[in-house]
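Across the two complexes that follow, chain A remains constant while its partner is chain B and subsequently chain C.
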Partner chain A sequence: MSFSVTEPTNRTKWFAGIAVVLYAVITIIPLLWIIATGFKSPEDAIAYPPKVVFEPSVEGYVNLFTSRTRVNEDAMAELPPAETWYEELVREKGQTISGPSRYGERFLNSVIIGFGSTILCMVLGTAAAYAFSRFRVPLKDDLLFFILSTRMMPPIAVAIPIFLMFRNLGLNDTHLGMILLYTAVNLSLSVWLLKGFIDEIPVEYEEAALIDGYTRFQAFYKVVLPQAATGIASTAIFCLIFAWNEYAFAVLLTSGTAQTAPPFIPTIIGVGGKDWPAVAAGATIFLVPVMVFTILLRKHLLRGITFGAVRK
Partner chain B sequence: MANPVTAAAKATPEPVAQKIRGLSDRTIAWIFVAPTIFLLLAVNIFPLIWTIRLSFTNYRVNRPNNDVEWVGLRNYERILNDPDIWSTMQATAHFLIWTIVLQVLIGFTLAYLINKKFKGNDLWTTIIVFPMMLSPAVVGNFWTFLYQPQIGLFNYVVAFFTGADPSSFSMIGDVNLAPWAIVIADTWMWTPFVMLICLAGLRSIPDSIYEAAECDRASKWRQFWTITIPMALPFLMLAVLFRGIENFKMFDLVVQLTGGGPGNITTLTSIDLKREAFEKWRTGYSSAYAVILFVTVFGLAAIYVKALNKVKER
Partner chain C sequence: MAQIRIENVRKEFGTFTAVQSSTFTIEDGEFFMLLGPSGCGKTTTLRMMAGLELPTSGEIYIDGEEVGQKPASQRDIAFVFQMFALYPHMNVGKNISYPLLSQGMPKDAVKKKVGEIAEILGITDILNKPVGGLSGGDRQRVALGRAIVRDPKAFFMDEPLGALDAEFREHMSEELRALHDRMNATTVYVTHDQLEAMQMGDKIVVMNHGVVEQFGVPQDIYDWPATMFVANFLGSPPMNFLKFSGMAGTGATSVKLGDSEISVPELRAGTSGELALGVRPEHVRLSDAGQVRGEVLATEYLGTTQIVTVRTAYGDVKARIASDVSVKTGVSTGLDLDARTLTVFDADKGSALLSEANEGVLNHG
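Up next, the complex of A and B:
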């Protein structure tokens, strides 16, 4: 092994490793607690002292997807026998299932709006980024700064006129309205990130293609797009995560048909009080996909969160 | 830029050149950029101009039949003379300063330690990053559970280490503790952000500088203050800029966590603005409020970016 003055000593590495692992373990506990609470029974969830070891239960998940009513014992005795395992589980608590909950719809709304806005944002963003990267656009720097500055406005501040505008156009509480809004919010991120990625592709490839008789359009989608695929994919995931997590616009501009999961999950209540296992179950289903995406993204994470200002 | 293609194209007669290039580059540039600019104008700039216009009126969304009067600067006067607004500004300042201080201290320390390149540092970095990628509203809502007196995990852990009774304090119900409850949750969530940027800064410092310092027999302590800190400073400042803007706009996490309470103690400006605009429906007044906030963020950010560029030039 070669000796280097800048290589930390083994003791330093051990100390650093232990400190970082300790922090990581502490920081991950709230997340593990969410997942664990989702599998607790309501009694275990609010036990004192907080239960680390418990008997797993799917009650939280059943409660998340159903709405229930309390039934007294006499009425319960007259009911026909439970047909499904989850009906039985609910009846043990003196309740019956009165129908599905709204969680499924809200989750689906998140998927539709998230993917819809991401696709639209990538189409517009890639084109704009390509133009900014390759052509002489008048006022280029000003336009780029303008695109970035749109991100500085507090969402609540722009929400007032957007609310009025959407109401006049009939876009309030619609999927289309939310898709357009999230696309506009995410465009700054996608244009800045994608411009960085496209800047890194040598111009010579396109020039060769143009000499071979390709038109600009052909050169763009046959040469540049495949080269930028990784960049486009990671930018898309960033846009998706943003739209997925967004709360302020969602809570102000949607109430029913187009409401996404983030404003909905905190409003989940059980029969007679806050049903924490159901909330935690809803949160788990909602958060775990993002954790998976984070692992996929880890190489481009820094670039994404700084709008491409810092590249590793 | 003179590239061979345009040069070649210029040499050929115009109709042929058209065929080679398809549409002209200029046209393509406009076709590619226009939709983005149009959407941003429609969803960002047009509303902004509308906000500014509304800010000079007494318009109320919930009373569409009332006459809309032009009130000049009265909304602005009332906001700037309103003691409640100054108390929300104070709450925001408390939140902003403490989150930034804590996140910079912890984030930089973590980055410094991770940069010691111990085995498995990539894996642990990814784990540390998780909180900041998640939905602040959903996570904030769950933190209210962690903060419950008696049954909450946070109270239990604090009680375990201090010996206090876990039901004797309520992080979100107590006027003295609530401002810290939101600082803790935000720090938990966003420290990884500062850490990642600092890590990039530390990794950008070439080994050769340390080697040279080693030859000059500079102590590790001296190396830290004269090499590490100055060279990582632009990155650190960038992290502060991002966190500053984000936390000035803070809404989702805090509104779920405390809802601005108890009383108005954690009512940050965005939460106050939301109440004025969407609960009291004072549209004109809240538009003026929004303009003031926007000018503040923009002004502060502009000054800060100037300072940042100066540091970078050094």
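Up next, the complex of A and C:
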């Protein structure tokens, strides 16, 4: 088969450009709305018709990071003058700050569990993928199918057995438990993706390293790993995004010490009225790490998405 | 540098036998060719010598030391891959220095050595370039540089010219041979190209279906093939076979093709049944006095010579004759075979019968 490759005309380029921009705008609107809501006052956030232009406020962010108590006017008058700008902001609403909120801890939990499981998943996944790609593993095809079969249902379908297992093992509401769980869920994806990447690296590179006097392990980390960096990076992004955004298991298996941000954010609603700006602020901050991680590795991500499409 | 000895080496992959009990010796400093069609086991044999595959049984001696079950990293040999396998994430200089770094050689010494090698290969100007943008010839030179940089006991090359353009191959094969003569290093070279093998090799092993068919110096193998496979694989066009049935007795000096008596070198062994008379195209002359007759089927003009195909009762025979002789297709002609060069084959077994002419060659291997 042959394809004629002609330079697109200016008009088609123009149409294509408009279509892409339009699509980008449509998909990005909810994201922009969340970010904007974070900077609205609670009144503006629920105004009808919705306000596109509004007076920005950081109340949502202050509320996100603090827990507050309502005080009556007499008590307020007796308080010493506010020491900080955010204390002042809170007092204008008839409240005082009683301490920091739990958002910081929950966010840190998300970081520990998300990155922890991603790292573990990459270490195990790369090793397994390398073995599947290079060694004569007995029952290789069956094992690969078996690994993939863990993906044939939504992971949450096995929530109850996992819940019982975790309770017996004392892994409920622990960082270790969540890291192990997310690693287990992501491992099939990472083994398959990474195997594809490693398969594409000619085995001669390692053989050359073996001949050059290196051990197999040295050949692996000095020659194969640098070659597989692209694949590892893009696989890591997929794993991190899953672990970072996972909600169902987090609700079920964590409640305190190891609770991640996704189940925590909705609980902000209901603390002193429907505090949508605080929820939106929580979601906005929650976006940042994955966004940064993805931007850092975006070169590789593109290659990861189109991987296998182009043969050398 | 070292002698390499292969003794009863055998390699099986599951139920498939890639190499069957092979034995041969590569002398110190020899340029040794492993020749055969694809799938014949030549690459597997080379990889076993290098330690990239471990033999199922048998011994491999490099420099008198048995290394059959040792990993490649402990054999002190260099390997040039068909696709060169230059480390893509390193520049040219780093690629060449890599084998030295594994030995823990100090940085200054490494730099000096890499400089010397680059000088020999004429690649000093590209030492700092990434390997990605290099031409085929430069890649080849870098791969050679990486091989020779640490003075290994032996060089193993797996069709190193296979990835190059025809035009450039010629040039590189000369460079390779010159490099070998300069370093005098034991070199084992795998190829499926019989011309390349004869051009470059001091000695050739011809393999087929995992079996060593014959080994020796190129001219011996070309002139006195041990089997019909070797006779057919070497030479272009290959050796002609005139097939006939009959008998060839020990001590006979001729065989009977139909009514004509054809002189052959005195046979040292005899057999009867299906036989084949082997003759190289350059030893066939068109002559009306010739014992075998046939009809000219086609002529191919090759510059200084031409190939004339003649259909006879014993099969088609190709003759290489001077190109200034005019030969018309369809004409009946006689063929004169040079008696001193003929080989009689047992066509059932595919092996040559010993004669006074070939016994010297066939008995040593």
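Rule of thumb we're sticking to: the second predicted complex is superposed on the first by the 274 of 312 C-alpha atoms of A that agree within 3 Å, B and C clash if a C-alpha of one lies under 4 Å from a C-alpha of the other, contacts with A are read in each partner's own complex, and residues count from 1 in each chain.
Following the convention adopted for this analysis, a contact is a pair of C-beta atoms (placed from the backbone, for glycine too) under 8 Å apart; a residue touches a chain by one contact, two chains touch by 3 or more.
No experiment lies behind these values; they were computed from the predicted model shown.
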{"item": "First, second, both or neither for A:T183, with chain B first and chain C second", "value": "first"}
{"item": "Which of chain B and chain C A:T215 touches, first, second, both or neither", "value": "both"}
{"item": "Which superposed partner A:L252 touches (first chain B, second chain C, both, neither)", "value": "first"}
{"item": "Superposed model, chain A: greater residue contact from chain B or chain C", "value": "B"}
{"item": "First (chain B), second (chain C), both or neither touched by A:P226", "value": "second"}
{"item": "First, second, both or neither for A:E207, with chain B first and chain C second", "value": "both"}
{"item": "Which of chain B and chain C A:M152 touches, first, second, both or neither", "value": "first"}
{"item": "Partner chain(s) touched by A:I112 [first = chain B, second = chain C, both, neither]", "value": "neither"}
{"item": "Touched partner set for A:R298, first chain B, second chain C, both or neither", "value": "first"}
{"item": "Touched partner set for A:V191, first chain B, second chain C, both or neither", "value": "first"}
{"item": "Overlap of chain C and chain B interfaces on chain A (superposed complexes)", "value": "207, 210-211, 213, 215-216, 218"}
{"item": "Residues on chain B engaged by chain A in the complex (per definition of touch)", "value": "3-5, 8, 20-23, 25-26, 28-33, 35-37, 39-40, 42-48, 50-51, 54, 61, 106, 110, 113-114, 116-122, 124-139, 141-143, 145-146, 150-153, 156, 166, 188, 191-193, 196-197, 199-200, 203, 207, 210-211, 214, 235, 238, 242, 245, 248-249, 251-252, 256, 269-270, 273-274, 277-278, 283, 286-287, 290-291, 293-294, 297-298, 301"}
{"item": "Residues of chain A defined as touching chain C within the complex", "value": "202, 204-205, 207-216, 218, 223, 226-227"}
{"item": "Chain A - residues contacting chain B, complex", "value": "4-6, 8, 12-14, 16-17, 19-21, 23-24, 27-31, 33-34, 37, 46-50, 124-125, 127-128, 130-132, 135-137, 143, 146-147, 149-150, 152-165, 180-181, 183-185, 187-188, 191, 203, 207, 210-211, 213, 215-218, 241, 244-245, 247-248, 251-252, 261-263, 265-266, 276, 279-280, 283, 286-287, 290-291, 293-295, 298, 301-302, 305-306, 309-310, 312"}
{"item": "Of all residues in chain C, those that touch chain A in their complex", "value": "50-52, 71-73, 76-79, 81, 83, 85-89, 98-99, 102-103, 146"}
